[in-house]
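Here it is: the structure, laid out below.
The first chain written gets the first letter, and so on, giving A, B, C, D, E and F; residue counts start at 1 in each chain.
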Amino acid sequence: MNPDPDTPPLLEARGLAFARNDEPIFGPIDFALRHGEVVLMEGDNGSGKTTLLKVLSGLVEPSAGAVLLNGEPLTLARLSHQVALLGHLLGLKGELSPLQNLRFAIGLGGLRAGITPNQALLSVGLEGFEEVPLRQLSAGQKKRVALARLLLVPAALWLLDEPYANLDREGIALVNRLLEVHARRGGAALITSHGAYAYTSGTPRRIPLKAVA
Amino acid sequence: MNPDPDTPPLLEARGLAFARNDEPIFGPIDFALRHGEVVLMEGDNGSGKTTLLKVLSGLVEPSAGAVLLNGEPLTLARLSHQVALLGHLLGLKGELSPLQNLRFAIGLGGLRAGITPNQALLSVGLEGFEEVPLRQLSAGQKKRVALARLLLVPAALWLLDEPYANLDREGIALVNRLLEVHARRGGAALITSHGAYAYTSGTPRRIPLKAVA
Amino acid sequence: MSYGTLWGACRALLARDLALLWRRRGDALNPMLFALMVVALFPFAIGPEPQVLGRIAAGTVLVALLLAGLLSLDALFRSDLEDGSLEQLVLSPHPLALLLACKIFVHWLTTALPLVAIAPLVGEMLFLPGPVQPVLLAVLALSTPLLSLIGAVCVALTVGMRRSGMLLALLVLPLYVPVLIFAAGACNAAQNGLPVAAPLLWLGAGLALSLVLAPLACAAALKISIS
Amino acid sequence: MSYGTLWGACRALLARDLALLWRRRGDALNPMLFALMVVALFPFAIGPEPQVLGRIAAGTVLVALLLAGLLSLDALFRSDLEDGSLEQLVLSPHPLALLLACKIFVHWLTTALPLVAIAPLVGEMLFLPGPVQPVLLAVLALSTPLLSLIGAVCVALTVGMRRSGMLLALLVLPLYVPVLIFAAGACNAAQNGLPVAAPLLWLGAGLALSLVLAPLACAAALKISIS
Amino acid sequence: MNPLVLWFHKLGSPPYFYRFAGRLVPWFWAAALILGAIGLYGGLVLAPKDYQQGDAYRIIFIHVPSAWMSLFIYAFMAVNGFIALVWRIKLSETLAMAAAPVGAAFTFVCLATGAIWGKPMWGTWWTWDARLTSELVLLFLYLGVIGLYHAIEDRRQAARAAAFLALIGIVNLPIVHFSVKWWNTLHQGSTVKLFGPSLIDSRMLWPLLVMAIATKFVFAASLLSRARVDLLELESGKEWARAEADAAEGRA
Amino acid sequence: MNEFFSMGGYGGFVWSAYAIFFVALAIDAFAPLVRKKRVLRELRGRSRRERAKTGDMP
């Protein structure tokens, strides 16, 4: 799908900056993310990647600049089903099974057409683990459950914070496959990494995030 | 320094196995670690690397087999200054400065001859950060403080759990340098990794840790 | 594609929290045990004479329940914060205040309701005079939801902090004092044979008001403290 | 190469814990404030009559201090566990029991000592009779270290758990009851003009015994619960 | 090796114990039921009215055996806990943890029947007397042991931690028993003596003793059936447990 | 007979005490049976899962 210059981009940052106690965390940056695009945000430890994703999802207010979602300013109240965030913390309950966790996510965020929780678990390679308490899964398997959640909810914009961390090589390939599918059907994703592994299919646009001097 | 076949190895595992609730975590393994050796323990997520290091340091009792330190059975009470463990959690206090943290470690564990806390911080590349509260350092810098602690205490055996995690490329090189020096002066180290980065100088012996079927 | 309804979201949240509770059902009894033990400590501390104990029984029960509720407050959002569920909740497209109201309801159901249920037993242990019993029950039925609602607002403010236990107590207690005054007023009136309607009505009014306002305040506080 | 002495290790631990405390000095005052507020709640809960309050003053102070101590217990090893310092402590070549004794001492110094210091003020607030004051002080001086020591053993048992708050209270309170009984016994005796030596001696004996045994038990419990 | 020692060794192996205990449990229940019937007949029908308390005293035939069991089971639990901690014998861990709920039940019965008895005799359900209080503390100790055991995920670590707590709590046992001697209390002192003549009518004494033995059998039966289930769960990875499960399916 | 049940006026106390005794012990006796059923069911489920994983369906 080719980006269409007439419709506004799915996500746009204009002069976006964030400072904590007047200490700048990341400098003013500008970028746009169109439908069908996957963008890789690169930066060293502590360069502000996680903070940027929080600002982009509306959890944290920027200190300067604006975030536009489909051309309109983003606020938490205006979010409605468009953004899915996968942070360092997965937002899953260790006491519940993968299936229970996914059902809760659907109740909260809605369901994409043509997929069921069981199919989502199957496609992240967790067949047979539907009913095991999440606590008994390994770190990589937990991450896969969170990826299944992305497949289920009807969000067009994925904000993924180091999706490759904790995964072995097979898991990394899985993430790349999911991103490709998502981009092909018109979704967009912003992913962060500190360079060791990366999105490999096609040539994703890379945005370097430099620590402010 | 060549391993001398007459003296007992620094660390020896004999038929060592661990089970949680009767579910085997790692199978019976045997290996010996001699002075001057660096051994790499490889395994996927959840294969029991961290648990193995805890058993080897005496924190956790094995369910079968024995750990011998210098030919004698290991117990927590018999540890005396020989083992240094660096786990997933670093054991540093975020409210204190690197220097305060290191001083405490020395008080608790003793001091190797010919090095001071300031020199140790210098050699891990943290000059100028001596007095900053640790909390304000990035994850990689915190890891470096923990590495400085290894340099200071007079332990011959280093047990390092994924020392490369969280470090950028420069940090990885630093770990390799420290390991080389430690091996040259007769120390030994057992390090774990899930394969992405590894100890590169020389050809370290590798022990694969397979999940039990 | 189905975007889900608000009612569906609330139901999913209730179902999840109750399932979690069932998985941790041992913990659910703890506040009740704590209140029992605080009450049981008093006879040791001030001696076993029935008339002294009977005089302070209602007040002690109120303080014990208040403390037990206070201590269980911290758990209200803590585990959701620690595993990132809270972020997902805030980012959900439904009004946060309503979702939080569901969480507060579950909290009340599991920490306060058992306490109300054992109140007669506890009263008996402290020689609470018979006529005060029903008043104590009515007071508890009105004041415990009020305490849960007020507490939730405070806990939303402190949830981002690492070591919030004591600070939370400091924030909450001053707000609990008016509730305690009316509740104790009703019990004392009953003990002296006076009419108890006025303080009970005040408690009811406070409850009605905070049923509306507290979830909104809670949502606002939460948005501030997780940013 | 210097291997360090046992005394050096204890000193390093004391220095570190005190430095940490200074960095978090806001938190150190919290137990005291909590006890103050519990005591302050009582006049609201049972009415302001001086003779009733005076009758229950000593008991209420004891219960308030006990609860404050109980609530601060959870923090004793929690942060050390969470950042991995506890593992380093267990792996240190020195006897764990002595190192733990140092930690318990710092805990007492910072949570109980301020409480003892404000006890006269609190007694005044509740109209505690004058002659009971010195006895209350003596009782607190003997029983608070005892409570810290007993509490440390229980907290060592529960330290590996994620949500131990209420379970800890359940474990600790039955063991606190005997201490409370003797402490209250001394206060009541003083209130009635009887000799107070016997219960104070019992408390002293308990303190001497647990000074020796509690650190050992604490070390054993800790080794069980971190494995 | 001495055959007795050898037999103990064999008993320590979970599958052997499982089968051995399985054979004993029905006999223990039978003994408990028969002795209980005899004791209750003796206590409720044959024994005369008490000249002071009238018929209310007949609560004694359940109150006192339950009280004794609450103490006995705690001691049993603590001893097994000690063995588990020192020699790490799995069977002792299991027995200690299986004893706790039974002990808690008897403690609860003792408290409840005592309270019911207290209402007609002392005019109150409850007072803060030393014996009553220490018995309540005993209940909390049992609950603490059970709670700690279930709060830790690793079963063996949980058993060791709970056994440790049980050992610490053992100081409460002499307090419960001697409280009537050390403090002057409302609760009456010992009337049944192990050594020397007892102070009650022999027609009241024998049903009491029979009931005491019957409750011992109740405890033994309940303990063994609990320990069997615990072992089955603990050893769920082992071959014998799977075989047991398949056999149970075959029987069903 | 009636006299026996009234227990000289203390019937309510005596019989409620005995009721508590028997109910508590009955619960105590049946709890392990219920649990055993559950444990055996889980055990069978587990061996079925493992057999399914290794591929030799019975």
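What we mean here is this: a contact is a pair of C-beta atoms (placed from the backbone, for glycine too) under 8 Å apart; a residue touches a chain by one contact, two chains touch by 3 or more.
Predicted, not measured: the structure shown is a model, and the values here were computed from it.
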Intersection of the contact lists for subunit A and subunit C: none
Between B-D and B-E, the pair joined by more C-beta contacts: B-D
Identity of the chain that, by mean CA position, is farthest from subunit E: A
Length of the line joining the C-alpha centres of subunit C and subunit F, rounded to whole Å: 34
Whole-Å separation of chain centres (CA-atom averages), subunit C against subunit D: 27
Distance from subunit C to subunit B - Cα centre to Cα centre, in angstrom: 48
Chain centre separation in whole Å, for subunit F relative to subunit E (CA means): 17
Contacts with 2+ other chains: residues of subunit D: 24, 167, 170, 173, 177, 227
Set of subunit E residues in contact with two or more other chains: 133, 140, 143, 147, 151, 236
Subunit D partner contacts - residues on subunit C that touch it in the complex: 24, 27, 30-31, 33-34, 37-38, 41-42, 44-47, 52, 55-56, 58-60, 62-63, 66-67, 71-72, 74-75, 79, 163, 165-167, 169-170, 173, 177, 180-181, 184, 188
Subunit B partner contacts - residues on subunit D that touch it in the complex: 1-4, 8-9, 11-13, 15-16, 19-20, 23-24, 82-85, 87-94, 96, 99, 223, 226-227
In the complex, subunit E residues that touch subunit F: 29, 44-45, 49, 54-56, 58-59, 62-63, 66, 101-102, 105-106, 108-109, 112-113, 116-117, 119-120, 218, 221-222, 225-226, 228-229, 232-233, 236, 241-242, 244-246, 248-249
Touching residues (chain side subunit B, partner subunit E) in the complex: 19-24
Subunit B-facing residues of subunit E, complex: 153-156, 234-238
